[in-house]
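Starting off with a structure, shown below.
For clarity, chains are labelled A, B, C and D in written order, and residue numbers in each chain start from 1.
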């Protein structure tokens, strides 16, 4: 029963952070929430007796994927904006 | 309204998925008893130790039984590196752009310097012991790549030798393929393991060619992942450059 | 169906969370307009699928499929190793796809100076 | 060491890993080695096809584990047909693009590696006997295809590639899910063993798995609802890559569909759905093709339409229909290859690549225009060319299955095809040329490639028995799966 409690807690946390990652307008926070999803997933893999997968998810999912996203955000823009005009403003500012 | 259509689609898909998962009770034994060898998984659990002398069954599957998948997977990463280089390719005249961003703090720099060797040693440990403990080539390679990433972030001037990466990547890949071809040449099958002495279970030298292949995979994955991140990092940073001009 | 016993809670929490993860990711891919958000959605879909793989291989009170010197006779209690081996492959392939997608996002941004899908002409469909 | 199917994979992989090192010493190696590999493909295909005709289906184990335990490769008439076709198209594409990107060596290296892996991955899909391994090869193909689609920085390639990536990710998600569900019910991943165990799956779950496979593999083979990636990818990729997409990548998707539907499952369970999907695909694609102004997009929609007809033939599911489908795929590969190759030079310096820019090119490029016209005549199915026979065989198979409304529809679609192809040919021949555009004459290698394809089209058109025996054997092998299953499962391992 103890495990069941842990798993339901982790599942809720997982869904909550995935929801946050999708809703958040600040993409940097969204990406970090994706990293948290990977972190929880890695713990779950460990508890599901899959240490190999847990290690892979930890190294690739948490570290490398998150960093790749962060680099991309640094090269593009940080905020997800709903206004249609913003892109053009950006363009005129650059040139 | 597109959003409601999508939500409806998602609900329908979810309904079908849940219904499909009804046939897959959680935690039930679907393999049959390992001694029966009725399914693939039972065969692997039963035969891995006597046949290959590898303690970690997942490693045995990844490197030996389904080693062809691993070869394909390493190739996918290789292609991703090649593809990234061609997608973000810059002509020579614009190539020599410095990465412009704030220099990182002393704490980060010192920490990176201290951590880097430790991270690399951890990665090497993980892929050398892939056949005994959890982990292996992919995990170890990814850990080493994080070590290089740390250096790349901490030191703006940290120069990663591209030709070194290419050499490591190519030689490791060729080693993998030639171990495979050696099996063919000696009259067996591709990627065959039996020409190599098996060793005793749970010692470092065991499992025949499996540790060698996993070490090759480790080097290759490390070089490829580092290459991917390096290409992404060294794309010209338009925005911060313009910010500094302002 | 008996009420909330161990089995039900486990299966609901694990299968449920993986299905919800996949659906949330797909929702983001289909609805969101920001390119990076779409890629985030893709990686969440992948995460859900990986969880499903591992969950399917799980055995009640199972141990990890690694033989230790003391306990070679635990074969009957080991979890299914095959989905774990498959998911290792899937994780690495997923990373490769994500990396290519991100590089495409960088190139699209440089070209159009926007990361919104509806401002990039030929991506409207 | 005798030649075995694994050489199709091992040799190009070794070459791909070698190229980055060797091109440090000599730049030309990056373009020569893929050519050697493709030539070796031709040798392998020839040797193995002879072996198949002597001894029957070849099954090769990998890593010394007999079929259900390890991965195995299977090479019979059916797989061999696809592998040979892909080898030929790959070799011709290499030869055609031999002088490509001469100035800048680094993108040239990427181009040749990616092209080689695109063909290798497709051949891998075709010869593997393991469903998860097939997924891995699908991903190899997909990653190379994204990179090649966005190869030119100047065009809108990145958009097309991103679109392709989204749709292909969905496809691989569905395929993985289907593979997982299959594994949970049968405990195996080998295609031959799956086909003996598939009756253990409960009916409703089986239907779910089948739908996932149809949608997932349908994306790869340009089936109706999710083929939006194809026109963009075809039109943005370099012209020779368009030929590879049409001749190799799509064929890989169709092969996977056929293998899953015929060998793993029973075609009767899904045949009707494939029939209807193929019909919708054809009608929509051909109608869309009329409206296109860009030549390559028109060719892409025409390609989708043809694949719809192939799907219909698969959906009919009889041996004759499969034969017609294989014949159509053969024709589609060589004819679309010819069309893409000639378009590559006809519109070499045009930025928009519209049909209007082909005005009067017949005066500037008489040979190339003749090739394009020949390809157009062949693909709509005019009598002296090879396209005629495949359409005829398809109509005969449909008549055998009493699907007369389908015959009428396919004939109507053929008229639509005639309209839009002849419009282009008319523009080429009956308009005054626009002198302002600079031209680029193709080299000898390109002429050789196109001449070979044209000779093949005419040769098969005049004397179809060149390949029909072979295709009949392939169709027989696919529709009678016992030999496949027995060869794989009762294999003796040294």
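Note that a residue touches a chain if its C-beta (ideal position, glycine included) is under 8 Å from a C-beta of that chain, and two chains touch if they have at least 3 such contacts.
Worth saying up front: this structure is predicted, and the values here are computed from it rather than measured.
Counting C-beta pairs in contact, which chain pair has more, A-C or A-B?
Spelling it out, more C-beta pairs touch across A-C than across the other pair.
What's the distance between the Cα centroids of subunit A and subunit C, rounded to whole Å?
Averaging C-alpha atoms per chain gives centres 12 Å apart.
Indicate the whole-number Å distance between the mean C-alpha point of subunit A and the mean C-alpha point of subunit B.
Those two chain centres are 20 Å apart.
What is the distance in Å between the mean C-alpha positions of subunit A and subunit D?
37
So the centre of each chain is just the mean of its C-alpha atoms; given that, what is the distance between subunit C and subunit D in Å?
30
Could you pull out the residues of subunit C that touch at least 2 other chains?
Touching at least two other chains: 10, 14, 20, 22, 26-27, 35, 55-59, 62, 64-66, 82, 84, 86, 88-89, 91-93, 95-97, 99-100, 102, 104-107.
So which bits of subunit B are touching at least two other chains?
17, 24, 30-31, 40-41, 44, 56, 58, 66, 69, 72-73, 76, 79-80, 83-84, 87, 134, 138, 225, 228, 232, 235, 238
Could you say which residues in subunit D touch two or more other chains, in rising order?
132, 136, 139, 143, 146-147, 150, 153, 158, 161, 177, 184, 189
For each chain, which other chains does it touch, given as pairs?
The list of touching pairs comes to A-B, A-C, B-C, B-D, C-D.
Which of the residues in subunit B end up touching subunit D in this complex?
Within the complex, subunit B contacts subunit D at residues 16-17, 19-20, 23-24, 30-32, 38-44, 47, 64-69, 71-73, 75-76, 78-80, 82-87, 89, 91, 163, 166-167, 169-171, 173-174, 177-178, 180-181, 183-185, 187-194.
Help me check something: in the complex, which residues belonging to subunit B touch subunit A?
Within the complex, subunit B contacts subunit A at residues 56, 58-59, 101, 126, 134-136, 138-139, 142-143, 145-146, 149, 225, 228-229, 232-233, 235, 237-240, 242.
Which residues of subunit D touch subunit C once you look at their complex with the stated criterion?
Against subunit C, subunit D makes touches at 132, 136, 139, 142-143, 146-147, 150, 153, 156, 158-163, 165-166, 169-170, 172-173, 176-177, 179-180, 183-184, 189, 228, 232.
Considering only the defined contacts, which subunit B positions touch subunit C in the complex?
The contact residues of subunit B facing subunit C are 2-3, 6-7, 9-10, 13-14, 17-18, 21, 24-31, 33-35, 40-41, 44-46, 48-49, 55-58, 61-62, 66, 69-70, 72-73, 76-77, 79-80, 83-84, 87-88, 133-134, 138, 201-202, 221, 225, 228, 231-232, 235, 238.
In the complex, go through subunit C and note every residue touching subunit A.
So the residues of subunit C in touch with subunit A come to 6, 9-10, 12-14, 16-17, 20-21, 24-25, 27-28, 32-37, 39-41, 43-44, 47, 50-51, 54-55, 57-59, 62-66, 79, 84, 87-88, 91-92, 95, 98-99, 102, 105-106, 109, 112-116, 118-119.
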